[in-house]
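Take a look at these structures.
The following pair of complexes shares a single chain, chain A, combined with chain B in the former and chain C in the latter.
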Partner chain A sequence: MSYETIAQNLVFGLFVGSMYGVAAVGLALVFGVLKVLNVAHGELLMIGGYVTFWLYTLLGIDPFLSLLISIPALFLFGLALDRVIFRHVVRLAGETKIKNSLLVSFGLTLILQNAVIQLFSADERGVQMSYSGAGLNLFGVALPYTRMLIMVIALVAILSLHIFLQRTYTGKAIRATAEDWEAAALAGISIQRIYLLTFGLGAALAGMAGTLVSVSYGVAPGIGLAWTLKALVVIVLAGTGSILGAFPVGLLLGAAEALSGTFIGPAYREVVGLVLFLLVLLLRPQGLFARA
Partner chain B sequence: MHETVERVAQQTTAPPRRGWLWPGLAVALAALLALVPQFVKRDDVLNLCFMVFLYISLGQSWNMLAGFAGQTSLGHAALFGIGALTTRMLWTNGEPFALALLLGGLAATIFALIIGVPTFRLRGAYFTIGTLAMAEALRITVSQTMPLVSTLPTDQIVGYNLATRYYVALALALATVGTAALLLRSRLSLGMLAVREDEEAAQATGVNPLKHKLIAFTISSFFAGLAGGVFAFQQVSYYPEAAFSPSWTFDALLISFVGGLGTLGGPVIGALFYILVREELAVTLVNFHQIIFGILFIIVVLVFPGGLVEAWARLRKARWLPWRGR
Partner chain C sequence: MLEVRDLVVAYGDLRVLWDVSLDVHAGEIVVLIGPNGAGKTTLLRTIAGLQRPLSGDITLEHAPIHRISMHQIVERGLILVPEGRRLFGGMSVLENLELGAFTARARQKRHQTLDRVFDLFPLLAERSGQRAATLSGGQQQMVAIGRALMGLPRLLMLDEPSFGLAPLVVRQIFAVVRDISREGVTVLLVEQNARLALDLADRAYIVEQGRIVGQGAGTELLANQHVRHAYLGYAPQTGEVTRIRD
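Our next item is the complex of A and B:
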């Protein structure tokens, strides 16, 4: 096996890893703040991808530009979901809350997935632009422009989120709610509004990830579960409190998948991530990047 | 608080008021169902009944772990799949079906015992996701290592008897529900219930949580494996991966929750309801039943935790019914 093949696979693993990072960050935010596990996160991602697909197919809007539409659209959708469904779950206590949120969001995956099948059919959709194939060629390794742009967007998104959470008042309010919602409430923060906002933000990030996925991988109604699992793997590996950790861990996961695919066999790419996930859950549940 | 205790007690440990009524009805029903293939020759009806019986076993086996012992596992499909795979491989290689089925159930149980001990170290949501990850990892491995379709040998196809499948599924459904009923009357169920409601408190009172969880898991996985074996028996040709599909887990969840989690009759009613709705809508709106059940599921989780069984119980006690008076 030539170095070029290995390098090529590794590079593509890193590219997909950046998408894992974006997909994970939205879920991490929702889980960290609302303490709610939304397994329908992958479906939100899928819907974001469909938004991009239809904007491109019907209106010819470039997928990267459609980010300006898919992100707000999914944000609004997230607000609606919180208002209608998750608002009732957040009032429960601790373990019941997580368990019930899991169940409720599972019901949501059924609804969303099958609604999409009914509306758009189960065919796989992809977005191909005129410049999809173009890229750099560095030492025999192909670097498509689209993938590089995706990685840059992913990095920018995660950094922006981090800065938002650290420097702005709302961001700090969100972090305060995540740490101790009762104290935050006493300090005058409206928990309802923060929950609403955070869920919308999480959905918006999922939508962004979906747009990026539609450009590189293609979307189908059934991709939700796989992406939710990827996001969960990244979150658990990075430690549930960590937003910034999502990006490097995502890259790590992508690289690990690529390398195991190259050396062990393409069949076991996906399994590696899940096995890693289980190992970390059992041996180091606080994650690799956990903060105290 | 008192209401919860009362409801919980009624659900699990209260014996029926007339000791012979429910078992008597069950036997009568079983006899009736056993006679059906004699009079009904239509394949579609027999297939429908088969599906209902299979799903009753599927749901009830999951209910034993999640409803009685409170462990929400999303890895049920793995056990179903292992049972299906083992049974199929043994049976198509010439072993008598009964033996293959039994070994399928045992294979699932052994798998459950092996992964049960480390997996039960996880708590709550992590346990749930962990089981899901494990089941998916297994499914992907199977789909990659056994990608070819599994078809019955020609003599089996020629001699395919739907009535036999019907009886096997009926027997399994009766066995699963019967075991669940026996389990509910046993002392073990008290321990499982204690673990379900509050694991720490149970441990403080001397109940061994791991032991009860493992027992529930073992029984649950045995019947899940058997159900998988019965599924493999019925399919003329299928992809081995299909038995590991997460939809088996999700269907078990839907059936148990909508019917009434933790109750004996819940999965039965849930399975009946689910299959009927699914088949009714299948022709016109494929998969629309999933949307309906998704909505029902959310309603059950948020508003009606007892599912249809609780709704029925509430209805019977309702003040506004004409024969209840004021």
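Our next item is the complex of A and C:
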């Protein structure tokens, strides 16, 4: 096997890893703050992909430009979902909360998937632009412009989120709520507003990931679950306390999958992620990036 | 200023507070003493809005607060410094303090309030960039009180501020509470250390097994036989009355 092949696969692994990362950070944000696992996160991603597809097909809008629409659209959709559904789930406590949040979000996946099938049919959709095939060639490794743009956009998004959470007042309030919601509430922070905003942000990140996925993979109504599971593996590997740590772990997973696909065999790409998942749960259950 | 009437609070089927009534007048320092598990923390948490009562009323300056949201309660000037400090450990001292000023009213004045907090606790000014989780217990208590002060409380509630702290530090904390009270903030304090609490208090209530079993001026209760035996460590003498009521 040539170095070029290995490098090529690794690079593509990182590209897909950046999408894993964005999807995972969205889920980690919601899970870390609301303490609710939104199983329908992948469906929000899927919808983001469809928004991009239809904007491209009907209006000719470039998919990367459509981010300006898919992100706010999914943000608003996320606000609506929190207001209508998840607001009631977060008020519950302990086991009831966990069970109900899983049940409710699973129901949501069914509703969203089937709504999309009804509206758009179950066909797989992809987006092909004029520049889809073009790219650089560096030391024999093909670097398509689309994939590089995806990576750059993902990095910018994660960096912006980092600055938002670390430097702005609202961002700090979100982190405080994630750490100790009672103390945050006692300090006068409006927990309802924080939850609403955070859910919207999580949905917006899912929508962004969906747009990026539509450009590189294509969308179909059924892709949600696979992406939710991927995101879940990433956040467990990163440690549930670490929201932004999910991004580098996403890259790591993408790279690990690519390398195992290259060296062991294409059928084993998915397996490595799950093996890592099990190893982390057994040996370091708090995750790779958890603080002591 | 604060009126609690016939408050009944339960955790599921377990009733914790039984028809509790108390008053806190503006400018006072009122203290709640009593054994562990008596319901003092539950009472403060219910007043702060963390817990919904089964029945009864809580009014702050004649407006009911037992059904409104927690951040509205803080907005109206009622702030609780919870048991166990409950700081945001991953964030710096300064960030913890700033987060206390979330409400619009407090955020406007936050620079002045921050100066005031650093005046009261000069140690915090030195350590403003330090991660809260790395502070000592006493320092954390200062941050917790500081955070509450950033919200511009009219009535400050403190749940066992002396817990786990060295006696010297406890005296510092209590001195600060006295200062805060002198500035016009009304104080409702729950304390295990009955002697210190009764010294500080204008008035005190005794809470036992979810009920108020006695009340009086701080000095009165310091002299009360039941209080002296149950909470101040005095041995009963023969012939002494040792119950507050029969």
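Couple of notes before you dig in:
Note that in this section the second predicted complex is superposed on the first by the 290 of 292 C-alpha atoms of A that agree within 3 Å, B and C clash if a C-alpha of one lies under 4 Å from a C-alpha of the other, contacts with A are read in each partner's own complex, and residues count from 1 in each chain.
The working rule: contacts are C-beta pairs under 8 Å (C-beta built on N, C-alpha and C of every residue); 3 or more make two chains touch, one makes a residue touch a chain.
Source: prediction; values computed, not measured.
With chain A as the common reference, the superposed partners chain B and chain C fit together side by side. Contact with neither chain B nor chain C is seen for A:Phe64 once the two complexes are overlaid on the shared chain.
In the superposition on chain A, A:Trp54 contacts neither chain B nor chain C.
A simple residue count on chain A separates chain B from chain C, and the partner touching more is B. Contact with neither chain B nor chain C is seen for A:Phe120 once the two complexes are overlaid on the shared chain. Rounded to the nearest 10, the angle at the Cα centre of chain A between chain B and chain C in the chain-A superposition is 90°. Contacts of A:Tyr217 after superposition: neither chain B nor chain C is touched.
Residue contacts after overlaying the shared chain place A:Leu108 against chain B, while chain C stays out of touching range. Contacts of A:Tyr145 after superposition on the shared chain: neither chain B nor chain C is touched. Legend: residue contacts after superposition of the two complexes on their common chain; A:Leu186 is shown touching chain C, with no touch to chain B. No C-alpha atom of chain B lies closer than 5 Å to any C-alpha atom of chain C in the overlay. Within chain A, not a single residue is touched by chain B in the first complex and by chain C in the second. Chain A makes touch with chain C in their complex at residues 169, 172-173, 175-176, 179-180, 182-192, 291.
By the touch rule above, chain B contacts chain A in their complex via residues 72, 118, 121-126, 128-130, 132-134, 136-137, 140-141, 144-145, 246, 250, 253-254, 257, 285, 287-288, 290-291, 293-295, 297-298, 301-302.
Every residue of chain A that touches chain B in the complex is listed here, in rising order: 37, 85, 88-89, 95, 98-100, 102-104, 106-111, 113-115, 117-118, 225, 229, 232-233, 236, 265, 267-268, 270-271, 274-275, 277-278, 281-282, 285.
The touching residues of chain C, counted against chain A in their complex, run 48-50, 69-71, 74-75, 79-80, 82, 86-91, 95, 98-103, 106, 147-148, 151.
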